[in-house]
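Two complexes are shown next, each including chain A; its partner changes from chain B in the first to chain C in the second.
This part shows the complex of A and B:
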């Protein structure tokens, strides 16, 4: 099994598209941070909440610090990361089918379950790597450029987390983000076993995500009954890692839902993959 | 005989009236004007050339969660103030470090609203209304201890309608300086919507969450480790 995963790793990382996500994060993140640095965080100090606080209170301490900009980067980039994940996970089976190598793989001794598991594992590993890349780069560069300090959480009212609390909150947020993005990878893999061209699963995954996000967030009462059944309703669970007090029940509930969705997508994907006649 | 009696009665009454009037004039003469009260406050304040104090700030305001923090305050006459903290802290701008030197007849209308008893102490109630909108507050009322000449309570209302009321408890230091040991600020941040505007950039906002809600509560500040008139370098204030 490990040999299969290693083989899938080599195949995946020998493609240029695999690096697009890392390159995008590596380019966009420094751009955002340098922009904030040059702008001296005016977007924060000119926000209505900050202006009102500053009018009434002496504000002591550095709110524009590495932790704050890292949290901001998470908000910015977590919207776009599903695309990079779909680009790689959506190519796992469909890409091989399009290239005509899938039939060749399947006639070899490893079972379809093992082959699918290796592909699923690589998709999830890639997802985790992408989120961890965001974590290391944003926290590293953020602290380097802006230093450390208490974290101003983007929420209603004013919520400040102490420097001591921040690191484990970030760790939890990134782990939750990996889980949420894992569901996206599973969905892309499911669409990947359905078609024989690489572009279909990518567009399909993004289309499903966009529609689900609209239904999940639009303040339309008609959608209220549908929302609990959409995985996008729970995919922003990482944001709850910064709340105080920590909404443990909500987080646990979201983890269970996301895990069920991931298993469901992978289960359906494997069932289709296992029964499918590979003609190409 | 009768006429003599009446003329003596009138004479005595006149004397009594003059005597009583004298008392009345005497007590009228004791009453201070708003300007006198302010001058006494300024005089007490001028006795301290500089001080440092450590504040423990505890915030308890609806929808505002800020960790308890220690803030070091440096003050030097006439109006140098520097605040230092390991992390984020917020302290009311108006009233917490009141500097009576900033109040003058050119910038404020002053009126004495009478005397009131506050926590068992007699206090003058002084109202200050800015003459122009350059001053951050719309109205300021200070309760000034009639014996110690320190502010017992300060009530401020900003132009935007937010109000902050601060009550002080005092202790005598070095046998001559009355300085606050505790301040309780009651805050009403009407219209404060927090940092939801960041949130709105990525998708729709839930209207129920962004509605204005009253954010009222208290900021309790404990003062300790005063160092009075020990000298503070000007460089500390230049950092800001």
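This part shows the complex of A and C:
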């Protein structure tokens, strides 16, 4: 199995599309941070919430710190990460079918279960790497440019997390984000086994996510009955890692739901892949 | 199934919804054979090969390889087969050597790098092994396709239309390669719609049309039938054809581009010659024109449409 994952690694990381996500993060993140630095944090200090905060509280220390901008970057970029994941995971089977290499590998001894498992593993590894890239770069660059401090959390009330709490909160947030994005990778893989062109799963994944997010978040009572059945309802669970007190039950519930969705997507994808006649 | 039979299909059938691609196909290929699998485009050749290689699941029937059922011994059996299914496809962004390493690793967890060099050498691509596939010509890709089929020293090689899309030079190279491989004692299953190819290279063959087996046997044996086709070069071919058509011992007569072809038993040739001379025709040449192509067309024309 390890050798199959290694082969998928070679194939995936020999394609330049795999690096688009890393390049995008590597370009956009410094741009955001430099912009905030040059702006001297005016976007924060001039916001009505901050002005109100300043009027009522005496602020000591640096609220515009590396943790704050890292969290901000996470809010900005987590919306776009699914596209990069779909770009790679959606190509795993459909791309090989379109290129004709799928039949070349399926006439070899490894079972379809093993081939599929290796493709699923590499999709999830890539997803984790992309989120971790965002984590390391945003925290590293954020702390380097803005220093450390307590974290002002964007929430309905006033919440400031102390410096000591921040790191494990970030760790939890990124791990939860990996799980949520893992569901996206599984969905892309499911669409990838259904079609034989590389672009279909990418567009399909994004279309499903956009529609699901609208239903999950639009304040329309008609959608209320559907919301619990959409994975996007649970995919922002990482934001809950910054709440205090930590909503443990909510987080656990979301983890279970996301895990079930991931297994469901992968299970259906494998069933289709295993039964499918390879005509490409 | 005897010990010499390497591939055996029994009542093999594949239906796609309402379309029957292969129906009740019984094939038997012996060890060491060069077996031609002939049929026009869309006759079910590729579907049959894909079933043999586990890419398509049969609707009905059985496939046995090396005297074992493919259904229950897939992993073991596929490790003994090398195949090229339709046009060869590779990871264009990787080198030829890297591609072969990937395919070799799928068969053997610890692939032998000397084996990769060996197959590259057989297809004369050793000096281009480090180049990315996207720089390869179609002919080179086809040769590399044969090379990947040879990885791991398989006992049976299945080649599906190996010369498709090649220029005459490329076709010649691939045919030379197949004959060279056959000389090494490998069993080769060659699918083709080019009859000359099978006639030149194969010992045994099966003809498939519209998913059904038309005939199976030795190439020479199938060609050595009583009815022969003769090309007769004669003055006034149209009148000569009209004369011959009226005779019961003449199976068929055709005139194309001024050349008359007559289908008769060989023993009737003197009678035909005598008749034409008696009627004042001048005969310039009579030449046996029996070929697999004529045989193939006559079979397909005789109730196999």
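The rule we apply is simple: the second predicted complex is superposed on the first by the 279 of 280 C-alpha atoms of A that agree within 3 Å, B and C clash if a C-alpha of one lies under 4 Å from a C-alpha of the other, contacts with A are read in each partner's own complex, and residues count from 1 in each chain.
Assume a residue touches a chain if its C-beta (ideal position, glycine included) is under 8 Å from a C-beta of that chain, and two chains touch if they have at least 3 such contacts.
Every value quoted in this text rests on a predicted model; they were computed, and no experiment measured them.
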item: Chain C versus chain B, contacts on chain A by residue; value: B
item: Partner chain in contact with A:27 - chain B first, chain C second, else both or neither; value: neither
item: Partner chain(s) touched by A:210 [first = chain B, second = chain C, both, neither]; value: neither
item: First (chain B), second (chain C), both or neither touched by A:252; value: neither
item: Chain B versus chain C as contact partner of A:160, first or second or both or neither; value: first
item: Contacts of A:107 with chain B and chain C, given as first, second, both or neither; value: second
item: In the complex, chain C residues that touch chain A; value: 16, 50, 53-57, 74-76, 78-79, 81, 83, 85-94, 98, 102-103, 105-107, 109, 148
item: Contact set on chain A toward chain B in their complex; value: 47-50, 52-53, 55-61, 63, 72, 75, 79, 149-150, 152-163, 213, 217-219, 244
item: Chain B - residues contacting chain A, complex; value: 62-67, 69, 71, 83-94, 96, 136, 158, 160, 162, 164, 187, 189, 191-199, 202-204, 206-207, 209-210, 215
item: In the complex, chain A residues that touch chain C; value: 3-4, 7, 10-11, 14-15, 99-101, 103-111, 275, 277-279
